[in-house]
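Paired with chain B in one complex and with chain C in the other, chain A is shared by the two complexes that follow.
What follows is the complex of A and B.
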């Protein structure tokens, strides 16, 4: 009995254990099912996040940290993004692209991209470029009758996805700016053409006018000269003086017209530029005016002068004018001393900021000028002295200024009355 | 150029200005090397003169630049384009010298471009200058 009872007890215990084990199996089966379904869901891409209960706490495992970021990026960044199938159907487009075309993305997806392309040829040739990998270029889109210039980047998404990705950049604003710049440029070019035309017209005008003025002037001078030769012995003192005044006036007018022609010639920007040794140029000038230099017992010193790209004719004219000017306005009974020096400087000129300049200074010990007149002396026909004090047409320095301007340079003068003058010219190095 | 006898020259001068015409005519008539001086008043008359009697062509031509109807340059063009006339040396003279005109005229065969003098006595230099150039041309041809 005791045995039986013990046997009964054993059986009872065993069936209890089996029940516990069966329950455990069911629990494990449930857990396995849950785990498997999570794995399947992950495999199918249906899960953005899952929550696990651990020791009474919920932990979120979110996939959004990885994939979702990219999706938001594509959706939100400030460029159009689309993907199209190989036969051109729009598979996906972001909101930016939809707004660019002003068509909801739901209506865009599933239609042919080509139906929004205006410059189909351009797009096709860009697609052709895909064979070599990656291609970018400008095309014109068209939606609801509005043309949209865009810049596109095409990338094949093969072999991962059988599709083509296109990034679309709106160029409407940029295009507008470009067109505006081009319009301005054309306007500027028209103005330049007009200006060149009127410049050469003006040059011709000066020549024609100077000719027409010189014709009668030549008659006055030539026949006036003949008259003086033939009748001056018969004239009384007064009449002879009048005749001389008429004759001298005509001569002076003639030299003014000549100077005007030279001035208009020096305004011309058409000249041959070669390498000019300033030292040699000044030597040539001194040879040409040797007589005046000797007569005035002048000392002209110049050394270590640069070689620049310039018109030989104009440079010679420039230094001749400046040296003759210094000799002309020398002090009475003082031998003129002219010193010509050069150095290289950073001359800050807003028009040519990056250039280095040669600073060439021509100093004299002449009569100098009062401060208030310094600005006037480069103006045509501006004279500080009466004609009988110093001869001249008032054009020499104006010509110098023109020549310097022709060579993208700058001329200025420092002077004080009785202390000589220094002309400073800046020429691009 | 056919060698010319520089001591017995026939010159044709085109000058529209009556005063200058008188002076230049006198100048050449007074010169021993010129036996015949013909005057016309513009380029048209100059060309017409040449075409009128081709057996009596001048040895040389001196023409003013600025003239009505046909100026010196246009006349020079006509002359240099005509096989009968193009061997005649043509000199151009003017009050002012526009470098552009000088280049243009020399490019189509002008012998030289002379300036009208301001001193009446200097008109005598014109035939001398012309003779000098012709003499050099003769030399370089032989």
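What follows is the complex of A and C.
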């Protein structure tokens, strides 16, 4: 029994040892496989770089074109790429740079970059900036007598390579565009100067009209009036009629000149803006024209009107013109009724849909207008009626339009013949 | 260093953790990245973590892992650690060396 058990023990030990050895063999086989695979990979050229550990530092030794992709990238780059030595010798340039200068790269490499730089000072100061790191800027290159504006980025390749890398971007096209824009701008400025000149000429003309023409005109009117008083009894019917025509003509001319002066005055965008109570303004206007209102037995109603930022003088002018207009074009034998209302609206201007506007409407029960005339009436000297039918200069509504435009507003009219008119003013709230 | 891993893989057991050492944009390195990516997604979906290390940007990591050439793949987990050199284009050989059973 003992013998058998000892035998068994020996067998057990042996099989244990065999297992350990087998395991060791498998481990060694694995190691060998790994080592072999490394050797195979190296033999087959399946690697691209070796890394050697020198004094605790990894040194990389490239076998295959480890930088191939970078190289292709730089070569095919749509920008010029060069590297220069510390003293400016071109060490490398890509195809694009050679094409930009129209010199083969074989002729470029080994020459000095400075010999292609037109603005040497600019380039030197950019190089100076290199001490602080990376720098970019615009310089002018020159090759074969052609000047090339370029934008360059300079990078030091130290400490790996004792050289400077430069990326060169052609700015010829961009420069052309910029110059074209500048030319346009100059052209525009010339036109603006011309316009300003003609504007000031016009102002001067109005000045001449208002002073130099009004003076003799005043004489005609006043002496014409006296002449009418003094000798009209002595004149025959025909001569008296002629004198009346001359006198009326002079009066009309006088009011025309007055209106022209006002119109040109409202053309000017220079005016004082204050808070204007439209209600008070209309009240002032009604006080001023009280005589006409009473004479026409007109009824003017207005309430709850806003306070806006505007020129007091121009607003008064505006409402005076509109109210007088409504009184003037009233129906015969019908008492004029004028109603002025206001409300807040938006979506008036397509460009600024969120802006709020005051919509002020002035409605009358006058003679109205035919549809086809609605657009014309705001144009200067557009009259729908002959002067003897309705008095007026044909400038009043043009003045209104100018004033509204001065205040960034908008004016329109709704009307039909025989049914009165409604003038609608939009002013920014 | 780029870490590419699925969110689920971070918590999964029996995760494969790989480190691939490459050098820049060389053709062999690019091939190795693509091949490893294919193997991981094809055979180990959802249970791998992958670090790709450019030795020129990370020389310390290269020497710490005793890298002698690139591209080199190290299988860190599961044990035992395995090392494969080359662009990993022979998928059968790679699977064998990594103890991954082919489908």
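The rule we apply is simple: the second predicted complex is superposed on the first by the 221 of 429 C-alpha atoms of A that agree within 3 Å, B and C clash if a C-alpha of one lies under 4 Å from a C-alpha of the other, contacts with A are read in each partner's own complex, and residues count from 1 in each chain.
Heads up, the rule we're going with is that a contact is a pair of C-beta atoms (placed from the backbone, for glycine too) under 8 Å apart; a residue touches a chain by one contact, two chains touch by 3 or more.
Predicted model, so just to flag it, every value in this text is computed and none were measured.
Looking at the shared chain after the overlay, A:223 reaches chain B, while chain C stays out of its contact range. Counted by residues of chain A touched, the larger count belongs to C, out of chain B and chain C. By the touch criterion stated above, A:214 is placed in contact with chain B alone, chain C being left untouched. By the document's definition of touching, of the two partners only chain C reaches A:69; chain B does not.
Residue contacts after overlaying the shared chain place A:34 against chain C, while chain B stays out of touching range. In the superposed model, A:77 makes contact with neither chain B nor chain C.
In the superposition on chain A, A:205 makes contact with neither chain B nor chain C.
Applying the stated contact rule after C-alpha superposition, one finds that A:254 touches chain B and leaves chain C untouched. Chain A residues in contact with chain B (one complex) as well as with chain C (other complex) do not exist.
Remark: chain A residues 30, 33-34, 37-38, 41-42, 44, 46-53, 56-58, 60, 62, 64-70 touch chain C in the complex.
Against chain A, in their complex, chain C makes its touches with residues 23-30, 55-56, 59-60, 62-63, 67-71, 80, 82-87, 93, 97. Contact residues of chain A toward chain B in the complex are 207, 210-211, 214-215, 218-219, 221-223, 225-226, 254, 261, 265. For chain B in complex with chain A, the residues that touch the partner chain are 17, 19, 66, 94-96, 98-100, 116-120.
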